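Letters A, B, C and D mark the chains in the order given here, with residues in each chain numbered from 1 onward.
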Amino acid sequence: MKEYILKIDCKDEQGLIYRIADVVFKYQLNIIKNDEFVDAQFQKFFFRAKLSGTMDKEAFKGTLKAMLPNNANIYLSKVAKKNIVLMGTKESHCIGDILLKHYSNELEANILAIISNYDDLGSLAQKFDIPYYHVSHEDLKREEHEEEILKVLSKYEIDFLVLAKYMRILSPDFVKHYKNKMINIHHSFLPAFIGANPYKQAYSRGVKIIGATAHFVNDDLDEGPIISQDVIHIDHTLGWKEMQKAGRNVEKVVLSNALDLALEDRIFVNQNKTIIF
Amino acid sequence: MKEYILKIDCKDEQGLIYRIADVVFKYQLNIIKNDEFVDAQFQKFFFRAKLSGTMDKEAFKGTLKAMLPNNANIYLSKVAKKNIVLMGTKESHCIGDILLKHYSNELEANILAIISNYDDLGSLAQKFDIPYYHVSHEDLKREEHEEEILKVLSKYEIDFLVLAKYMRILSPDFVKHYKNKMINIHHSFLPAFIGANPYKQAYSRGVKIIGATAHFVNDDLDEGPIISQDVIHIDHTLGWKEMQKAGRNVEKVVLSNALDLALEDRIFVNQNKTIIF
Amino acid sequence: MKEYILKIDCKDEQGLIYRIADVVFKYQLNIIKNDEFVDAQFQKFFFRAKLSGTMDKEAFKGTLKAMLPNNANIYLSKVAKKNIVLMGTKESHCIGDILLKHYSNELEANILAIISNYDDLGSLAQKFDIPYYHVSHEDLKREEHEEEILKVLSKYEIDFLVLAKYMRILSPDFVKHYKNKMINIHHSFLPAFIGANPYKQAYSRGVKIIGATAHFVNDDLDEGPIISQDVIHIDHTLGWKEMQKAGRNVEKVVLSNALDLALEDRIFVNQNKTIIF
Amino acid sequence: MKEYILKIDCKDEQGLIYRIADVVFKYQLNIIKNDEFVDAQFQKFFFRAKLSGTMDKEAFKGTLKAMLPNNANIYLSKVAKKNIVLMGTKESHCIGDILLKHYSNELEANILAIISNYDDLGSLAQKFDIPYYHVSHEDLKREEHEEEILKVLSKYEIDFLVLAKYMRILSPDFVKHYKNKMINIHHSFLPAFIGANPYKQAYSRGVKIIGATAHFVNDDLDEGPIISQDVIHIDHTLGWKEMQKAGRNVEKVVLSNALDLALEDRIFVNQNKTIIF
């Protein structure tokens, strides 16, 4: 008996759950858990189920496809660890947190590599025996630097690329390689404080909460579909450096939660939003 | 086209969702939203759906029953306002909050009456034109007092009885009339600070959070299935009266949220717990 | 024995607390509580104390002034209820919440009047016996409408003007009459979703938190010093109307908390920020 | 110019701030920040200030002592890193989090050693080059085991002993060596779920929030003065293992925050409570 995650999104129609349940029943699979959501505005249907049993995956998908509206997306994956690569710059709190979870076997992922434009994180990667690639951006044009990174990434088959405080903007050309596979942590509660130095912006604005946002990356800076957000309350005694220190705890937890959701195949991207089951 | 809430709980078996979806499909009903949960420990299946269409309710339920395991509970209700009665003592914040929501048409309920063992809340009830019953407990034994309250309640057909800071313990004899229909707000994050004066207990213990818990009432004081909880952070500068004042905002919001969940038929009681869709 | 609030802000210098404590001591007053903060960036000193005793207020202020740097602001007020006026438009949740607190004697304020550009809130004001002024903006230019409102306000000596979901922009000419005395509730976690329809903006952006911000009003829309903010977590199942409904609980609590802080003289405005003791 | 933390607690009397400020002024020290609190119930005065300047510490303390009520506690410490020892059992998330902060120089402490009754955490300690002592409790009576631990601890001069998920109860004899110096993290929002397996207790009770509590350890299990608490919202889909996983993020952040407060000398213990400036 194995476990599978089935994800379907398609045009909404009457009877979809019946048709899916019918196929699942005919293949003698068991539904451990299922969730569905209909986006009424766009008439789109989203469905996720955890199944148990044994099956011919391709046959099952084929039967399902025949029962669903045209252009239905069907994703079927055995429950198993995903492969991820982490990218960072200098700060270690997010990468360290993921490394620790990996080390204590709490992460449903294999960390294949860490890539950074600096060498600051190298010793940390080494402690945890993860291959580290220092791909400096110095003296390189953006496209050249990204080319170097893509060269490293090409060695690995990855499910998710995690920008764990990678502090450089990635070009649309880079991003298109990892559509809905690249997760970034931004150190503000988006859409507030887009761009550089959100803690300085927050200090300057005098907000009473600071936060963090994990999101998929798309072409527009900090505009991608939001996966997870959280905030903490602050007061006037915090300068921007104290905010930054306090914020790190939020950043790492928000990123970690978003990564868990991704690793468990619980996220759909619906236009510029996410649906999370 | 009408909207219905269908709730089912029964022994878990393979194919339940298929069977339910099959019946729904055959009655040409549309599933607007559905949720299910299996309690693996007790092998129990819980299902809730919002349906639209037109149907013969009894026929539909009969067909469903035939498809489900023995002793399945099937609840089917047209989406409509529920009837509630509020009970209070002296404090007005929870009752006032519900009255305001009722007044602004934000509550999916008709408030049929307010009952209190004091007359303090009478003028508030009068402002909002809700019948008010002052049922004093003075010089009455507990069972006599409860008898008086039941006499008032017997005039009304109610879906939920809301204890909005009703500060007297109700006997098991009273409670059994309103199994899973009586919602209480307790002014602590249960199971901490059960019983009298939770803010004094909280002050005395020196906690850094205070909170509130809305729960169904059962025989044991403050032991019923929890529906909703929330907390706020406090510090050493608050005495128990300041905690009480700050806590009132939490109490009223937690009770209001729990009541909304009940009014939308989103709660299952599973032994001493709730499942909320 | 009476209680007073003393608030001082001035250029930072060495020995300020000593000098203040010296004067307090010489006037045989008791410090029940004191707080201070230095804004290191602007070299400004902020001090607040709750004093008890009896004093000649003007003499005490004069002595203090002589001990403090030039241009020190000294505010001294007997602890007493403030006078406030509420302004609203159509929504009743914030005004209703304040009315309820006033009714149950939990508000350290007298509500002198309610002003609205619609008549929707009139019956609520009447329930609580508060004078209601319906000042319609129809067929009036902005300045003419504001002139009408100012005419009403001129009848009252007010400490704070509370914009409890007043949905029209006020001109700088209006605002300058109530510098640091006008508190607004904005239904988003500013600076996100400035301007109209923040819940629609939030829905469209796909955020996972929504919130509210209470702030003093200055010339720039939603740019005034923030007093209080809070958020709640949401998910993809909420449309903008569900967000609006859920958000109302946050709005009213945030506004109520901010108003309490103002009524207790606990807020300093420091440029475009607040310091809250 | 150096920075110092001054902490005073004593019987409350009129003029204490004046007297302290007077001494500070005479020693030509600058008050960067000060906080005070009076516990009205017990007539106790608490004061903390961050001072800058140069001073003869003993002379300054002597002058202060002469100005304060008998039995005043005066604590004066140069701002500097503290020395800490961590104790754990098998779980790595709290210890790992502290090690990471230490590694990235965000912790105002030197970690002198890690002690555990198992060897599971040894490889983690080794990664970060911290001396690791495996002091097994097997075949030892409680007092013998504690004797072994005390032998290790005797090698170090420590400011705080951090129980970072150390899962054995410590005897009063052990505890008395580290009065108000031993910080524990308990994996529930105390006083709920005292004792063993709080997540199982939480699951069984059906709570809608879970949390963590950092506290000083005293003789009674989980009864010591609370420093910091936080919670997260959960729902019926989480079994106790999922609660445990989700809770770890809360535990480590709550412990880390409490430790920061201790390291910055911001905590007073007032009977069984804390005052935190």
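One rule holds for everything that comes next: contacts are C-beta pairs under 8 Å (C-beta built on N, C-alpha and C of every residue); 3 or more make two chains touch, one makes a residue touch a chain.
In this text, all values refer to a predicted model and were calculated from it rather than measured experimentally.
Q: Show me the overlap between the contact partners of chain B and those of chain C.
A: Expected: A, D.
Q: By mean C-alpha position, what chain is farthest away from chain D?
A: Looking at centroid distances, B is the chain farthest away.
Q: Taking the mean of the CA coordinates per chain, how far is chain A from chain D in Å?
A: Here chain A and chain D have centroids separated by 35 Å.
Q: With chain centres defined as C-alpha means, what is the inter-centre distance between chain A and chain C in Å?
A: It comes to 40 Å between the two C-alpha centres.
Q: Check each residue of chain A and list the ones that touch at least two other chains.
A: 33, 37, 233, 237 - these are the residues of chain A that touch more than one other chain.
Q: In their shared complex, at which residues does chain B touch chain D?
A: 37, 40, 189-193, 205-209, 211, 225-231, 233, 235-237, 239, 270, 272-276
Q: Across the complex, what residues on chain D touch chain C?
A: Within the complex, chain D contacts chain C at residues 14-15, 17-18, 21-22, 24-25, 30-38, 233.
Q: Per the contact definition, I'd like the list of chain A residues that touch chain D in the complex.
A: Within the complex, chain A touches chain D at residues 33, 91-93, 96-97, 100-101, 103-104, 106, 124, 127-128, 237, 245, 248-249, 253, 256-257.
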